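Chain IDs A, B, C, D, E, F, G, H, I, J, K and L follow the sequence of writing; residue 1 opens each chain.
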């Protein structure tokens, strides 16, 4: 077994009508369909769309770190 | 009709006793009184006041982008 | 009485299974055990651990400003 | 006459189908309708929309500095 | 009375032949003509013009935060 | 149909002998071969190679955001 | 005697009614009560409170570096 | 042959028990298994884990640029 | 022959009435009068002067990297 | 047992005549004298003193994160 | 006469026992010995040395822009 | 003797096949040929070229501060 690992980061934008946390969860749920070894996320940017003078969608950009398989 | 638009950004600080999302909503509700064409917001800074060792107010600085009328 | 005060900032990382706001509160509750004059906080970084393709813990780095006693 | 001036900056987003320079010009032309003493601009951010795999619009965020009248 | 306030920030450039502090004061004095509820400023940038190998004007860019009336 | 989407960003460097806009277009044209739902780009960095004291190639780093299929 | 030293940095906010330099001095004077081996400071942020349309207090955030005793 | 190339950047985190350079090499060795045209890397962040009061692993985040095949 | 080179960077501001690219070219043309081994440039800042509500000059700050002779 | 922890970060500058890694180790060794639960470090800044045209000391600023006891 | 100019920036550190403004002036006075066409300066960093718990020297890093002769 | 000094900073890129430290040393050795009063360096950027899936050269950008003679 190797004494070190290599990780890769991908940058995602999750959205949600309800909260910043929900936007993060939505992005992770989508990513989990193809990435098996996700270990951490970092919030890069928080923004959103406005409709009728109120928040329509939160849009949260995150970086997700996952271990490269067999590394 | 023009094939391009011009937008303006204003910088606001919303506050709330309950959550970051609520502070953003409060700022937008206030801005909506004078701005008609708000389209997006960007979170610039999140901070707050502390009272009795706990969060008293969240203070969230956002930039709000709105379309310049007739542009 | 002095006409000016001096403040100190400390950098903390709070964590929570439930929300960003709760992670901030947890950090402040811990800090309140030793710091008496906390006045404000600033969010520096938001990240978290992922387990089973979902958020396991939010980890929020904040700076806490408190007044130096007798300053 | 005063020996000093005060300037104000506003943040605008201009767009164009053709070039970055044209997006800047469009923002300035729109601003010139209400601001009389514009003196300089600073490019803050350059981005754009994509349609059919090509640039549909350049969107250039600029800050425009103008002298406050009678300052 | 509301339990929260909304603030707006404007970006100004003050100038002075004598000092950085004076440039800040000049910008605030100018802003005070139209803004009634200014509460804080943040220095964004300090620069200046040079004439004959010496400082001719300090130019200090500040953001001024003021409370939105009735918010 | 979902009420929210997830986007992914990839970072590309396009190059061109003629202009910054053309370097962006070249990167998008290349990306369009494998990405079907590209929606926006953000310019991250602009640089270039010099040959014989003049610009040989503009090299523009962009992030391209595209919607994750079925998200 | 060791051929290397270790330093620690603390982050302070000094305030003053009169000048940026005086705010720095006030923070150092306060820090000097408990820190014996201060060697340098770095200005991190300059801001202030406004009262009656003029500067009420300058608030200067600095980092102070001091040598760890016996290091 | 095209007179311009397109490059893509991926973000990796390499780790090593021994040095920063070794962490970079480990990340590149892992990436080389799937990327054939790697040309340059940029160090984004250097950090590490601590065990027993000493460095257990260096963790170096790099961006790797590689030429898109046939571009 | 050495197996490594040393480069130096200088910071220039080029200007042009017509385009950002032309401002870069003008700076390089001027630099080429005294620097013989220029290899790359990096755009640091893009701004400009406004006259009559339109761009009068683009001003582009670049860093130019050149190889130190005999290094 | 709590389901969450709180961490504190301190900022240190380690120095070494030999390498960047050694400067980090020296800072950690010094910190380990008083901090028992150090978990990670982040490199903030790398610089050094020059003597006789060569590196005399590397000076590496790191932030060290440690768990607050009983948190 | 050319319809455009080229400027060069140099980075200087001025010091003073008395004030930030004086440190800037000292750097400009020194630069004026060899540079004839200095037009503006930008403050990059403000720091200083501490002796006996008080400021010993302010050290202000500035960039100075000057016009390249005959450009 | 003056009670203050003026320093100048130059930006260099050193390269090395073996290590980050060696790249710094190579840049300083080259700079020492023409600069007599170098006092400190600051690492600005670390990157490198890749050949055959491994590091070919480390390229480290540093700023070198040196005292202006007779200042």
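Here is the rule we go by: a contact is a pair of C-beta atoms (placed from the backbone, for glycine too) under 8 Å apart; a residue touches a chain by one contact, two chains touch by 3 or more.
Computed from a prediction, not measured in an experiment: that's the story for all the values here.
Common partners of subunit C and subunit K, by the touch rule above, are G. When the contact pairs of A-C are matched by residue number against B-C, G-J or B-D, more than half turn up again in B-C. Distance between chain centres (mean CA atoms), subunit C to subunit L: 38 Å.
Separating the centre of subunit F from that of subunit L, both taken as means of CA atoms, is a distance of 33 Å. Between the CA-based centres of subunit A and subunit B the separation comes to 23 Å, rounded to the whole angstrom. With touch defined as above, residues shared between interfaces to two or more other chains in subunit D number as follows: 10-11, 20, 31. Contact between chains, per the stated criterion, is found for A-B, A-C, A-F, A-H, B-C, B-D, B-E, C-G, C-J, D-E, D-F, D-I, E-G, E-K, F-H, F-I, G-J, G-K, H-J, H-L, I-K, I-L, J-L, K-L. Taken in their complex, subunit C has these residues touching subunit B: 20-21, 24-25, 28-29, 31-32, 38-43, 64. Chain contact summary for the complex, subunit H toward subunit F: residues 3-11, 63, 65, 68, 71. Residue ranges of subunit B in contact with subunit C, taken from their complex: 19-20, 45-50, 53-55, 58.
On the subunit H side of its complex with subunit A, the touching residues are 10-17, 23, 26-27, 30-31, 57, 61.
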